[in-house]
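Each of the two complexes below includes chain A, the first together with chain B, the second together with chain C.
Showing the complex of A and B:
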């Protein structure tokens, strides 16, 4: 029998394993990337939409005037020229705003200077329609339009030339500062709008009119126009205060009070139920579990009537009382305290600590993960609470929390298709929850890794 | 004894402070809150100050009709509140709304447009004073008609001549539809009214008769005959959206489109005219969309509330609203208001919409459907329109199916 020599297949095996490792990493990273795109994608698109003049435009464009750096620079410069305010722009006495537009004129057509007007613009819908605004049209003077140069060009395969025009808008004399300087530039249909100092907000009448909401917008006024409107347009008609700021304040008051009440009550009650000697303790705990099982709809009407009789309808304290104490949180804390070994408390007892000291000095510091989770869950839940807020705070604009405020915006603007403002306000209302998650997320991790049983 | 004296003194001091009667008003949220609060601040409250009455508005976000029903049954409803005409009959029938006949004489009511007053009269009793209203008009983009070299729509147009104009515009300008059609009863119904069809007949039933079929056939043929495109195919949800984006040459909407175009296309050169005539009956039809101020039957301050109601619907208050272009007044006399006569595209639109409620509007019916819920009642119609426009059903089949569904609803 002849001996057969076989070469070891080690190298092949290693290559196979390496490939398998890479494949596994590829799957893991691929899945994570896909998830990230899935979750962040809609936010990204909605954020872009909130910057646009028309968030509903279809097909969706990813490049549009508001995100072009050259427009940021120009908006900044024009805001400075118009009102000395590069952030929010405006138009104040003494302003001198030079502006340039260019048109593509096809071969064989004689260029015609466009006509420039500063129109009177009132908001057509939403709350802006009720506000009286200082109109720049009453004070602005437009210099004659002068041709600034021509250069031959080919546009979409068509021979022709690009003609540049210049004009200056001035605010002679004295008067009030206008919040914006609307501008319309109209040229014959044969000339095609090509470019301008600042990209226009819209082209109208089949491209005949280039129209700007403000020719001196400032950086925020151009890029974050909808965000500026969120704060400016919704005002209390009696006091003139910005409602959105008020709603943010209310939301914080309600959420922080609810978090505080929950932290104190849920941890105290949870500890008492888990550890203290209390006659009928199990009965109380049973009642809590029973309450958890009762759907909120059942207690809804009785809660409402109680709040009505306490005269708390329409006040944020009514809302705080209703959502402040949550049985599910008591349950959560009780379960957590039960996992802490008794030996720790016994050690504290031997050291001479009374139950209060034991609770505050020994148990609570160990409970930070649970308290962190409690904070996040409560804050986020209350921050987003819509139904109960609507029932309690109905019709009291000054007491609204943000979710109700968003609904207010939807009524005022969504119905007329002005979704930019809605998207902007929704984004602003999301920021605190995102910050909270970033700050408190390590408690989630700790909740998994630290186990009191190890001690 | 001493304690009782102290309490008595305290109560009388409180009473002095509370001599001012507060009348609560409730209505839609959003911009309505801003409009009514400003109206109260500038017109109504100054007028009622010496009588010690103060009106406060509460705008309700979300589903107003549901909130109103809740508030009426919980006893927390405001003294005066909006009632949208399309839910008016069930709400008035509930007995929670006070009839106004004993507070308003015939002479008090006469200045209001009669079709509006009729909208809120049930069983001979008046349950609300119309706050403002809207009807439908044909709004057209003059530039597009000029470019296509087609004459503008006008008030002598019939369905056929109107359709012919739209067809010409759509074929001349390849990228623009004549009209963008929506499968929505609230934009179609007026044509059926013009044809002589009654939404709810004398027996309280809805029967889709030959007149209905004629209007339905015409409306659903617009897309097939290249006079219009289906709005969802253009990525829009309403005819105004198409007009504003220059995707269509014509829209059929109410005065609300004026505010929308002011924001969306402030330079658009548009005109407005009446809904076209049925070529057979030589009539036109229209809807009345309106909201009333109604009085809570359980209100504790009825007399004060009536004074507020009168101030809210006074010529001064309606002029204030009209001058700001916020809504159309419900008083006949204001049809001669200088605001309507001013030149300008928005004033023309408002004039046409205002006149849509009068003789000029033809067969004008309020946007309500007896005791039926507006959404439930309209669904079979909207589904039938959608099915025919998208070619899924024939006209006969769609009407038969809709009739079956309506019969089920009305059982």
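Showing the complex of A and C:
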């Protein structure tokens, strides 16, 4: 009915519809963009938080010293000056580090030079607190603070001047290299901190005291300080080995072993179920269907006891054995093998090759796409596995995998609220899976939609 | 039996032996042993004695178990309903043949590939008292006057335009995208003018009051920390479910929508009259997956640790673990097994229901 009334205005109608199509596409793209912000946004803000000195600051700032390019350049330069290491910084014998700070002095007050100290700071909160590290305060000499210039200024509507001060921190003589050079600059009551060579990590007592975790941080040491701390501060108290490095190593060993086991045994089992003479196949299928529905919370008790009897508790091999051969992967391979032509293997068998040779020489090379999917899905699944790891490994800190390590950090640093370190460790633990996803996204997305529909 | 067949059987057994061995020990035997343990007084170190159904009787009277059961069921229902609906709505919006849509689908999938541990750690930060969520809420409430003005002006402009076009005899829908674009621009300009002239201003940001995870209050009978975990779960699961829906939507013929559009059905009518019924089998699958997944939720609760009080977030899966490893009476394997079997029973019921209703891949 409605179409009849406007059908005479044919051209107008066409233009109207075209305009509508364009507008609809615009709204759809807008919606998609908004959704992308919704799904990625939380990770973006958490990443910003992981760079901050205080991720729980309120209100939340989107720009802060660690992401300012001028600080990157200065941190690089200072790291070079302090220890010849522009990435991680430090403080080694012979270093000469010139530093400049400026204070706002309101009108009517005479500027007074701030006092500069290199304080003794503990390595960190949580478990890092017990670590002994070389303290720069024992070796650093601070030159007298000299005034370097004044300029009139208005700050927050207040008349006054900005006074710049210069000093040099040196490491005379010989001694060990300190990992960092903490710095406190304190001015008298009336003066307010204005700027410095490098933006300070903290301002205390209403801007009178500026405090740096390291005045010679290097680029990573300043911008990714929390990330460096993840590796440095959590150490095995007996061996001094970095726990996080150890967990990364464990995670790789467990994930790659599980991939290897599934590549070989899941494809062997899948092939036997798909193609070989085997009475009782249906029984096996029935068992798999039933057991797939049994929650891990039911089976873990017995598995824990089995691994205990085998003396495998607290060992990553115990976890590898329990993860074992995934039923879903066997299904995946079975489905794949059912779809390859029979003639090929028959030809090989007639040639007199035994099934084992046929499988490894003829069948498996054809299965590369399925094996690719299996590799990626298994790696991702095992890398992220938490429950089984917790049951098997909980007692042995050195054997943790990354998810378990994150849980440990959460308990160790959650009390003191060291969120910078916790967020940084979470992001570090994601890197391998994210890389895998970016490179092989096809497998992930298709894997979900097809396997779920077939299941 | 022929010799060749016997050889093949031998090889087949060899091929499948490692898998069968694993299946028997770590799944079959483990399941059977859990059933047995649930009928005994097994601890972590003693030899079990048969106690009949005493563990189950204990569970029915245990406040914490009942709490966990109640939380699990509430969690499962709420999360499944919300995430199924949202995933379906998103899939319907994204079911377009547009350039770059694969890129967006890939991006949406990111939250679901990451480890629950990493995501939960980030979520706990997110839900802190001065964490990002409260920042965002405070910002929205501070800018509410401006946002409401913008929304109101948009609806007003759209209403005026639609009325105008209709008075000219054009059958435009209230959601007409071209007019909405104009309305949005008009609303943006007017709002900017109003806020620049100071007629509408933002309020100052307030200090946060709600500490999500340490809250002891309930909302609709569910503790607030559990709501936080629900939000987290919905956030990470929606993308997966959305992709399943999208795969299902590919099979709905475009011609049905075109026919409906010619008959004058608007997008919302099309969604409820075409999309929803055509997707019934896929929806059923999604609901089943979702029910099973949420019922067995463990990682998030375990990682919360002491960030939230245990009684406010405990669910069945965690109750089981807690009874074996964390309890005051260490290693209560018998009771844990009984609780785990309750969990398994609920899972079986869901799977059984799916099979009973006969929804399988053949349906579509």
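One rule holds for everything that comes next: the second predicted complex is superposed on the first by the 391 of 455 C-alpha atoms of A that agree within 3 Å, B and C clash if a C-alpha of one lies under 4 Å from a C-alpha of the other, contacts with A are read in each partner's own complex, and residues count from 1 in each chain.
Here, a residue touches a chain if its C-beta (ideal position, glycine included) is under 8 Å from a C-beta of that chain, and two chains touch if they have at least 3 such contacts.
Small disclaimer: the values here were computed from a predicted structure and weren't measured.
A.B. asks: Superposed on chain A, are chain B and chain C clashing or fitting side by side?
C.D. replies: clash
A.B. asks: If we overlay the two complexes on their shared chain A, which of chain B and chain C does A:418 touch? Say first, second, both or neither.
C.D. replies: Only chain B; A:418 stays clear of chain C.
A.B. asks: May I ask you to decide whether A:407 touches chain B, chain C, both, or neither, giving the answer as first, second, both or neither?
C.D. replies: Both chain B and chain C are touched by A:407.
A.B. asks: Kindly classify A:27 by the partners it touches after superposition: chain B alone (first), chain C alone (second), both, or neither?
C.D. replies: second
A.B. asks: Have a look at where A:394 lands relative to chain B and chain C in the superposition and call it first, second, both or neither.
C.D. replies: Both partners.
A.B. asks: Does chain B (first) or chain C (second) touch A:313, or do both, or does neither?
C.D. replies: After superposition on chain A, A:313 lies in contact with chain B alone.
A.B. asks: With the two structures laid over each other on chain A, which partner does A:58 touch: chain B (first), chain C (second), both, or neither?
C.D. replies: both
A.B. asks: Of the two partner chains, chain B (first) and chain C (second), which one does A:152 touch, if any: first, second, both, or neither?
C.D. replies: It touches nothing on chain B or chain C.
A.B. asks: After superposing on the shared chain, does chain C or chain B touch more chain A residues?
C.D. replies: Result: the larger residue contact count on chain A belongs to C.
A.B. asks: Please work out whether A:430 is in contact with chain B alone, chain C alone, both, or neither, and reply first, second, both or neither.
C.D. replies: The second partner, chain C, only.
A.B. asks: For chain A, which residues belong to both interfaces, chain B and chain C?
C.D. replies: On chain A, the residues that contact chain B in one structure and chain C in the other are 58, 304-305, 390, 394, 404, 407, 409-411, 415.
A.B. asks: Please output the residues of chain A touching chain C within their complex, sorted ascending.
C.D. replies: 2, 5-6, 16, 19-20, 22-29, 31-32, 35-36, 39-40, 42-43, 45-46, 49, 55-60, 265-266, 268-269, 271-273, 276-279, 284, 287-288, 291, 293-306, 322, 324-325, 327, 330, 354-356, 359, 380, 383-384, 386-387, 390-391, 394, 402-404, 406-407, 409-411, 414-415, 419, 422-423, 425-427, 429-430, 433-434, 437, 441, 444-445, 448-450, 452-455
A.B. asks: Quick check: in the complex, which residue numbers of chain A touch chain B?
C.D. replies: 54, 58, 119, 121-127, 129-131, 184, 186, 202, 204-206, 208-209, 211, 237-238, 304-305, 308, 313, 390, 394-397, 404, 407-413, 415-418
A.B. asks: Chain A touches which residues of chain C in the complex?
C.D. replies: Spelled out, the residues of chain C in touch with chain A are 5, 7-9, 11-16, 18-20, 22-23, 25-31, 33-34, 37, 90, 93-94, 96, 98, 100-101, 104-111, 113-119, 121-122, 124-126, 128, 130-132, 134-135, 138-139, 169-171, 176-181, 205, 207-208, 235, 239-240, 243-244, 246-248, 264, 282, 285, 289, 292, 295-296, 298-299, 302-303, 305-307, 316-317, 320-321, 324-325, 333, 336-337, 340-341, 343-344, 347-348, 351, 361.
A.B. asks: Flag every residue of chain B that touches chain A in the complex, lowest number first.
C.D. replies: Going through chain B, the ones touching chain A are 26, 28-35, 37-38, 41, 58-62, 67, 74, 76, 143-144, 147, 235, 241, 246, 256, 258-269, 324-326.
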